[in-house]
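We call the chains A, B, C, D and E, going by the order they appear; numbering starts again at 1 in every chain.
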Amino acid sequence: MQEITREALLSRAAELFRDGTVDRALGWRAGEFDYDVTPGVFTSAEELENGFVWNDFCGANFSKYLIRETGLTEKKVLVFLKPCDTYSFNQLLTEHRFARDKVYAVGVPCAGMADVKLLRDRFDGVTSVEGAEGGVLVHTLYDGDVTLPQAELLPDRCRNCKSKKHVAYDELLGSDGEVLDSHRFDEVEQLERMTPDERFAFWQNELSRCIRCNACRDVCPACTCEKCVFDNPASGAANKAPSSSFEEQMFHIIRAFHVAGRCTDCGECSRVCPQHIPLHLLNRKFIRDIDRFYGEYQAGAEVGSRAPIVDYTEGDIEPGEAVEGGARHA
Amino acid sequence: MQNKNERRREQILRISGVNPLKCMRCGKCSATCPSYDEMEYHPHEFVYMVETGDLEPLIHSASIYQCLSCMACVERCPRGVEPGKLIEALRLTVIREKDGNHMTADTIPAVIDDETPQQAIVSALRKYTK
Amino acid sequence: MQRIGVFVCHCGTNIAGTVDVKAVAAALKNEPGVVFSTDYQYMCSQAGQDMIKEAIAEHHLGGIVICSCSPRMHEATFRKTAAAAGLNPYMVEIANIREQCSWVHKDMAVGTEKAIILGKAAVAKVNLNTPLTPGQSPVTKRALVIGGGIAGIQTALDIAEAGFPVDIVETKPTIGGKMAQLDKTFPTLDCAACILTPKMVDAGQHENIRIFSYSEVTAVKGFVGNFDVTIKRKARYVKEDVCTGCGLCTEKCPQKKVPNEFNLGMDNRRAIYIPFAQAVPKVATIDPDYCMMLKSGKCGVCSKVCTAGAIDYKAKDEYIEEKYGAIVVATGFNPISMEKFDEYAYSQSKDVITSLEFERLTNAAGPTQGKLLRPSDGEHPHTIVFVQCVGSRCEACSEKGKEYCSKICCMYTAKHAMLTRDKYPDTDVYVFYIDVRTPGKNFDEFYRRAVEEYGVHYIKGMVGKVSPEGKKLHVQASDLLAGKQLHIDADLVVLAAAIEPDRSARPLATMLTASMDTNDFFTEAHPKLRPVESPTAGVFLSGACQGPKDIPETVSQAGAAAAKVIGLLCKDHLTGNPCVAHADEMMCNGCSTCERVCPYGAITYVEKEFRMPDRTTKLRRVASVNEAVCQGCGACTVACMSGAMDLRGFMNRQIQAEVDAICK
Amino acid sequence: MRKIAVSRMEELFAAIAAGQSLYLPVDTKAGAKFEQWESGKQLSSALNTVRSAKDFFFPQTENLMDFRMEGKKIEIIDTRRESEDFVLFGVRACDVRSFTVLDRVFLAEPVDTYYKNRREHGLIMSMSCTRPAETCFCGTFGIDAAEPEGDVVCHMTADTLYLDAKTEKGSALLESLSALTEACGGEDETAVERHKELSHERLSGLPLAELSADRFGADKTDAFFNDPAWKTLSEACLGCGTCTFVCPTCQCYDIQDFDTGHGVKRFRCWDSCMYSDFTKMSAGQPRLTQLERFRQRFMHKLVYYPTNNDGLFSCVGCGRCLSKCPIQMNIVKVMKQLGGKQND
Amino acid sequence: MQVTEYKPLIVAFCCNWCSYAGADLAGNNRLSYPADVKIIRVPCSCRVNPMFILRAFQRGADGVILCGCHPGDCHYTTGNYYTRRRMALLFSMLDYLGIERERTRVEWVSAAEGAKFAATMNDFVAQVAALGENKRLEDLRCKK
């Protein structure tokens, strides 16, 4: 359960609409089930009152929508930001993707957001999920009603949450948390310890499922190019016909490379992948290497910071030594 | 004979690791050599003779044993030629050949006196015998 | 697709010896776009160039590929050829089938196959070339000369004479440099001061020359024709425009124990000083390391005696910024430290000196008023040993010496030996040499005179060891020609120390983005054809900062550098390199990533209104490249995720086409 | 109707696979997926595959032909390989119906011979549903998940697999398997009926069972095209291709030439109307905003396709888009939002 | 020593100011290296986009080597520093994906290092030849 209630968010939003600070708010709209909430733009307190939802499935990162919405209004856009969203928010500000003064950011604490994928993997016909004593109560069509601890609904990005601390907001509802010591690189290190053959087999298996739907890119708050190289026939990288395994390798290497040093590890890419490809393991490899080679760096921790990939020192590691970096842990 | 000489020369160069072609004939090695006056051939001449393959007279000369192996020439040579190492290699080459020992234990009493330090005798045996 | 002509050069047998040039021409004829393909003996010859021009006209060629030597050799040549035939010069691509093919492969079949592939890559690239027109940038008509030795003075005078303003920046309180410390000059034996000081005065008085003495360059920005330079004027605590140079303060200053660097520490000066009588500018300078007033606030004598009121203890370092069109580096040289050569006992005995110290000892304005006296006891030396090549030609000991020949030592030692014998015939003079190098007008004659007329003992061999023994210096050396080891009891030993570039050169090179060799000498743009230009446009080299040089050579290079500068400053505009970055504004995200990696600050961001594809208008932040500032490295093109930033002449598409052609 | 014990499925698969390639849903880390059967591969128990079965007739990428260049000559090379027999086992009713939707596009004049060849060489063994998912709404489009179409219709009870041939092709296949299978008696008929009843009961209890498409259909363009609801519905759309790529009926494609350096390979590949460069022409795109692209997809499913195909909807209610859309927008939400207003 | 028959295809990106000149110097001094190496001239090593490297592999290269000025000596002052970071990260990623790390290399070769250029190419060609054909980053469409 989240610390802040829907009512608390609504009343604050209503005030902001009323005093004219904002004329639109980013929020979630109800779906057919408890868990299929859709991001949406609300333009009045009344609209919010009728359609706004706030529950454990409100995990989508809203930062990216600010690029469009701030361009459509003279006033401010109200946005509710979880701690991890604030990193993306800052990173977008670093890249001048929207104007800070066009946003009214309300920080909201997060107890971890549930992922319905995890329930669907275990039960057939999940029809609703409600808060209950000792966790959540899941109603299913064929497996009856099950009570589960909240933790079992959490995806990797929440289980290995890097920070409960908001790094940007205009006001904070509830309490702020701390930057956490997470185990988010464990899986990366596990892969690094494998032999190259094992790693190759692992990634071939994962990437071969890719259907090139581009959801990972389109949801990514770092992927905000006016025109992506993979959509631009002149770039030489675009190819709608992914008829060779090379296309998947190329796409995923370049996608991860283009967000290297900019990826805040929000985990949206893995969340949306219809084929369950662990895309965050590519991004985290870059984050891990950057930390290891050039000192710890968290994209979005502060506005205007210089990403290590556009920086240097005279004594940097040589590429030949860098590939040994993984082996050192063996 | 020519072949033997050539082999010897290669052996000397291999053992010493010296490239005599680096010598610019400045003579600083000879200028710095404390045994200069005892010698028939001098450090810079060693280098030149090895370079040209004129080894016979050198091998039969006492000069190679008059070198104290103080390595002053190695230290001073501006080109890193290291004549001292060359001389060491020359001695080794001679010793490795049959009956090449310059000195045997029997001959020692005749050449030493009370002034000769013990260390010198030991080092001489190491240097001049197999 | 272009209409492309391919021209395969034989380069005599340089290419044709290992590459079947006819086969290359035939193979490339089938490549997409190629309408004409031929081979010729020497493409770079007049006849070859004429052939290219005719083919361009006859076949209406839109692009040409020359399969020849490295583009570093003749790209400019063929671009001019194309331009003369009315083709945009950037529609020319070179396939390097000499340096990177025929010269490194021995087998004809292998060489031919590779040459064809390299040719195909060039054809693939030229198919995507677009005509480029270089941009223009204005030229600031002022030059900066860094270093006020004879090189800097001569360069500055020549530029000033041509009518352009010049600034000289000199770290010392006066200009004059090393030459001011010399006594006589070889091979004519004229007095150095007599020929230098008039030039110093000229420089000091010239209406087009400003001298920033006691100053340093701290920052350089910009590019050829438009340098922005920050100059630090170190506080000298004496108002330069007020001081009359009367010198009274330098006589009254109570701090008498300051080692006099002008005399290489062989005597003392005061804390307020004028380095030497002919200094330009002739103004006093307070040495803050020794001045009691500055250190403890107690004294003030100089201020009291100065009738002009020039003393200002509160002076601060000042920074001035100036624009220049061209920069000349004339930072000169220094003798290397002799501390590490213990075999010559330089640190043990005052009577072992360097040649520059010897110059001061024989100079009338020196510590001994020109009398040759031993530094240790002031007695007249009767036996003098000169040692050549100390630290020069020294391969083994890079931490001690230098691998190169310092070039000037043979001649100045002959001069020293000759002058000593001339003035003091009762002196025995020995010169130990490895080789005597005297290539130069009247140089060998000069050396022979030292031997034949003045009886200097030239001994082929090196000194192995110098050991102070009582009042004497025991010199152990070899005489290689006599086959003897010599033992000489000398009164004075003079070491011909190797010379090295001034320490300030390395950081300066970084500021100027000019390249240096491993010895910290500035690299010239071409060792033979562009010897006074650095590879960085607008930066020129004068004097020993580029390599060891004697005075006549330095002065000629100084004049040559001046000529190059004048040539540059005469232009109102410079034509830039059109191979620069440009942003596709519709694709630019405005993220500023490219701005961060640009080493030249060539990228700025602007807000512009755009008509969007959905027919709305939108104010967007987009990158804008200053084409005059951009040098075309391409760092931004890779930093740019969307690919909005591309590099003309090396576009993504072109490089990919080359990759494809090579790999197919 | 024939039957075989569920415990002997492996033998059945082996017998089918002996004559042609056999594809069936198997479990993978990322859900069920159609894979070629080989000894040891188990039929997935999942209701449906992540990707639909359309891949077998209309693959994501297809090499149409190659061009080889020698000097300045171009040679056309035939690369067609779509004439091999295969059997698709375990296709659900929704996906079987999707083939009808695709047939109307690809088999209409001019006939798409690539598609036609595959259809002719493919045999569908469909499977009735007993555990429809919460996202299922095939009933909305008149599909009975208990009685799918197909060459052979299968019903699987706890211990027995019933095989019912519906076409000549299907009969021929069952004929060839007669040694392995048993004939069915009256008891079996009853068991299958009971099985269907269970299905119907479950289908009627699904959360989306009441969803109706009656308000949509042929010639309703004007009724929906300018509805203001499109704005709210589309505002969160990321413009990715997930819905179109998992959809069994999306049939838009693009032709792409791939320059291999020594020739050109011509591919047909899926396109997505959600993509910003969809149907981009030299003059630009006809649909400039995501709203227009989003609208196109749903109007096509619910209005344009029925208009051109005798009222047949090009949605089969498989529910894939409900579970896969990154922002949880889907056709059900669209239908409820638009239809709701129409009929309130 | 195993004698391998495999002739690899090597794409070498060389910066115009140092490494391309170094390659020219190797030529001037007639220092041979295998013809399998094909050089592409770029203004600076920092012009090399990871996409070019992947494309080379896609199109049939067995190894890709990037040569630039020594760090600190870049003609453009800082270009090769960026190259170093980009390639360190890219190569580490390729390694992570199980692609043979011996197929990629960055080498700093100055204009004066003709001998180093030839030696580097000899060594790299031998290293890649020992691995044989590039199978892990191949694109079957591009095979003949």
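Going forward, contacts are C-beta pairs under 8 Å (C-beta built on N, C-alpha and C of every residue); 3 or more make two chains touch, one makes a residue touch a chain.
The model shown is predicted, which means the values in this text are computed figures rather than measured ones.
Fewest steps needed to get from subunit A to subunit C, stepping only to touching chains, is 1.
Shared contact partners of subunit A and subunit B are C.
By number of C-beta pairs in contact, B-C leads over the other of C-D and B-C.
When every chain is reduced to the mean of its CA atoms, the largest separation from subunit A belongs to B. Ranking all chains by how far their C-alpha centres lie from the centre of subunit C, first place goes to D. In terms of their C-alpha centroids, the spacing between subunit A and subunit E amounts to 36 Å.
Subunit A and subunit D have CA centres that are 31 Å apart.
Taking each chain's centre as the mean of its C-alpha atoms, subunit B lies 92 Å from subunit D. With each centre defined as the average position of its C-alpha atoms, the distance from subunit B to subunit E rounds to 48 Å. Contacts with at least two other chains are made by residues 50-51, 55, 59-60, 78, 82, 86, 141-142 of subunit E. Residues of subunit C found to touch two or more other chains are 597, 639, 652, 656, 660, 663-664. Residue positions of subunit B touching 2 or more other chains: none.
Contact between chains, as defined at the top, is found for A-C, A-D, A-E, B-C, C-D, C-E, D-E.
Remark: subunit C residues 70-73, 96, 98-101, 103-106, 110-111, 113-114, 117-118, 121, 510, 513, 515, 517, 535, 579, 597, 599-600, 631-635, 637-639, 647, 650, 652, 655-656, 658-660, 662-664 touch subunit E in the complex. For subunit A in complex with subunit C, the touching residues are 71, 94-97, 224-229, 232, 234-236, 258-259, 306-307, 309-311. Against subunit D, the residues of subunit A that register as touching in their complex are 29, 31-33, 36-41, 60, 65, 120, 124-127, 141-142, 209, 211-215, 217-219, 231, 239-243, 271-272, 274-277. Here subunit D touches subunit A in the complex through residues 28-31, 47, 50-51, 60-61, 63, 131-134, 202, 205-208, 232, 235-236, 238-242, 244-246, 254, 256, 258, 265, 267-272, 275-277, 322-324, 326-330, 332-333, 336, going by the rule given at the top. The touching residues of subunit D, counted against subunit C in their complex, run 71-72, 259-262, 284-285, 288-289.
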